[in-house]
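All chains are identified by letter, namely A, B and C, in their written order; residue positions are counted from 1 within each chain.
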Amino acid sequence: MTMVRTLISRLAPLLACLGLLGIWQVAALVLNTDSFPTALEALRAVPSILGDKESLINIGASLRRMAIAFSFALVVSIPLGLMMGRSRLVASFFNPLLMITYPVPKAALMPIIMLWLGVGDIAKMLVIFLGVSLPVIYHSLQGAKAVEEKMLWSGAAMGLSAPQRMIRIVLPAALPEILTGCRTGLVLALITMVTSEMIARQSGAGNILFNSLDMGQYDTVYAMIIIIGAMGIGIDAAFEKLRARLVRWSEPGFDIPLSFA
Amino acid sequence: MNARGLTTDVLLGIVPIALAVALWQAISSFGYAPVTLLPPPGLVFARLAQQLLTGTFQQAIGVTLFRLFAGFSIAVVLGVGFGLAAAASPAVNAVVRPVVRVLAPLPKVALYPALLLLLGFGHESKITLVAADALFPILLSTYYGASMVEQKLIWSAMAAGTPRRQIMFKVVLPAAVPSILTGCRIGLVISCIVVFLAEMITSTEGLGHLLVTAARTFQAVDMFVPLITISLLGLILNGLLQGLRAWLLRGFPEV
Amino acid sequence: MIEIDRVSQTFQTFGRKSHLALSQISLTIEDGAFVAILGPSGCGKSTLLYIVGGFVSPTEGVARMKGKPIAGPGPDRGPVFQEFALFPWKTVLGNVMYGPRQQGVKSAEAEAQSRQLIEMVGLKGFEDFYPKELSGGMKQRVALARTLAYHPAVLLMDEPFGALDAHTRTRLQNDLLNIWERDRKTVLFVTHSVDEAVFLSDKVVVMTRAPGRIKEIVDINLPRPRRRADLLLDPRYQKYVVEIERMIDDTSEDGLRP
């Protein structure tokens, strides 16, 4: 009985997917409008998008931009967050600045950034960079803050200098929280990427999405949604596996997978 | 944190903002950036003040706020409802949990074209998108808060005679309020962001629309104004929520 | 009043291992008796209390209250927990009034009764404080007042003074006895402290290590009211403590024999 239970719980997300697709299918058949193709029709359009060389290049370029911007963001944000977590001074300095930029949708900066930097890759990567930085800084800060004082004292007694303590104690201790921030940042990177492509229509997945909307190719619209959705779920699942591997030693925390637009 | 510590923090915090504005002013004054690309702060804030007095701008704010609140409220009702239900009933949990796991990492903004097709280009599509995005953090933090309620609290209430069906509302819900409010805070920020972006992508009114219109006519000043407005709105709403939180949680130990 | 009839409790731990926490416990507790349940950590004494409280169902056997099997928690058996378990969103007064209000007592009357109780446990003036503003000892007094407020026939106390410092503990022990003397409720008091058990109770139930079994029941024939200063010097008290401590030492070894 327990074996069946574990099997079901492992398959649950898959069942949920199928369930949702099923509901879509039924709803579409019931509503029966052109603008709402059934799940099957949308699924059928997926291979044609993936098969189209142009689209693939587009999507690939999007992902590449996302990866580069994400990495840069990590390199800057994690140290900053850690320092903010351990030093009241640093925290007070940067906090209000971050609080002000928090509600600003980074993708909304696209037009302004485009004005300054043109429509190239740099503009898009900057936006993604900005969007990812915030959650990563926040979580790194929280993680660093929560490191037990006594651990650091033990390290100091062993002769570790302040920078050494930061790298060899604070960083690993805060790693679970940092990775939670990265996971959020990753989801955000994808969203920011898609959104900025919807706003600054140039290339990429978001662009394909709205182009097909304009041209009335409804099947493609929904197919693209499925593709983007699959990307999101896939990236998140892959990262979660990586995260679990890296912090095997930590207490199971509860992370709220946030999604920012 | 004592009073003195608070003021030093505030002063210290103003420094980077002041520096940023000063930097902004310097760049404009020294002509490093043409006025068409980066208008000086004075000009932007003057324009903002001026716009706040015009009916059209106020209406735009109204539209954006309306969509924001409508979407957020729906997200709160559904999020708290489902979160509590999932915490209370393993059956509901078994269904909700995998669905949330699947939908949460999905960029909801990708659904926007579908919403436009189904609900039109007016308020409904924006409100739905806001609700869809704000729902998950609220649902998850409600579920988390409700399921982490100390068992002994529930037992104490049961021993005092509280019937099972009242436990949810008399014990679990109040005990989960801190967690729920944290989720609401995140949801509120998300709502601000999403409504603005949705209006930028396609809309005929609202703050986001104003930004895009200004962009099309290369009016840099008019681009900054809605952006700063939504930031300020976000800050104000966040502050209000924090105030509400402080009042509701006056009995709870510091978290 | 309370009858525990061949109660056993098995827990499923992670994986497929099962843990026998209590084994064939049979015990009768008379009306008005102050009974201490004493044993080393992990002997299942808290579990036994939770079973009587109706929070946990025994895997075998049955516990009865006044002849009727215990099916769930209720205001006839009031718990006082080590973690206090106060409602943080209510003031002291709000917490104490909770039980009576739940019983349908009118607000004004409930408030009057509660204020009396709060005064009795020594917290007059703190009615409008929130639990977070109170010390551990004060919180435990509120917890006691809250349970007494709905007039349970039995008080179930689960190591209530375990989280407090030694000084507060002795004070609360005294206060508890003073309060108990007034209406002599039946009390089941779980503890791992031998001197606390002997000081407070009429009967000490000594339990073995897991799987918990009753090793011995010791009647404490010491006069009431009990004063700490007198008792500490009383050779009878000292004998009880030494005897029971020896029993506990033994039980820590023979818990595994079937």
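By definition in this document, contacts are C-beta pairs under 8 Å (C-beta built on N, C-alpha and C of every residue); 3 or more make two chains touch, one makes a residue touch a chain.
Source: prediction; values computed, not measured.
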Completion exercise
Interface with most residue-pair contacts lies between A-B
Problem - Chain nearest the overall Cα centroid - result: B
Handout entry: Inter-chain centre distance, subunit A versus subunit B - centres from mean C-alpha coordinates, in Å
Key = 18
Exercise for the section: List the centre-to-centre spacing of subunit B and subunit C in whole Å, with centres computed as mean CA coordinates. Expected result: 47
Problem - Length of the line joining the C-alpha centres of subunit A and subunit C, rounded to whole Å - result: 51
Practice task
Could you tell me which residues belong to subunit B and also touch two or more other chains?
Solution key: none
Practice task
State the interface residues of subunit C toward subunit B in the complex, per the touch definition above.
Solution key: 53, 55, 72-75, 77-79, 81, 83, 85, 87-91, 98-99, 102-103, 130-132, 146-147, 150, 152
Problem - Touching residues (chain side subunit B, partner subunit A) in the complex - result: 8-9, 12-17, 20, 33, 37-38, 94, 97-99, 101-114, 116-118, 133, 136-137, 140-141, 144, 183, 186, 189-190, 192-194, 196-198, 200-201, 208, 211-212, 215, 218, 220, 223-224, 227, 230-231, 233-235, 238
Practice task
State the interface residues of subunit B toward subunit C in the complex, per the touch definition above.
Solution key: 150, 152-153, 155-162, 171, 174-175, 177, 249-254
Exercise for the section: Quick one: which bits of subunit A touch subunit B in the complex? Just the residue numbers, please. Expected result: 12-13, 15-17, 19-20, 35-36, 89, 92-97, 99-105, 107-109, 111-112, 114-116, 187, 190-191, 194-195, 198-199, 206, 209-210, 213, 218, 221-222, 224-225, 228-229, 232-233, 235-237, 254, 256-261
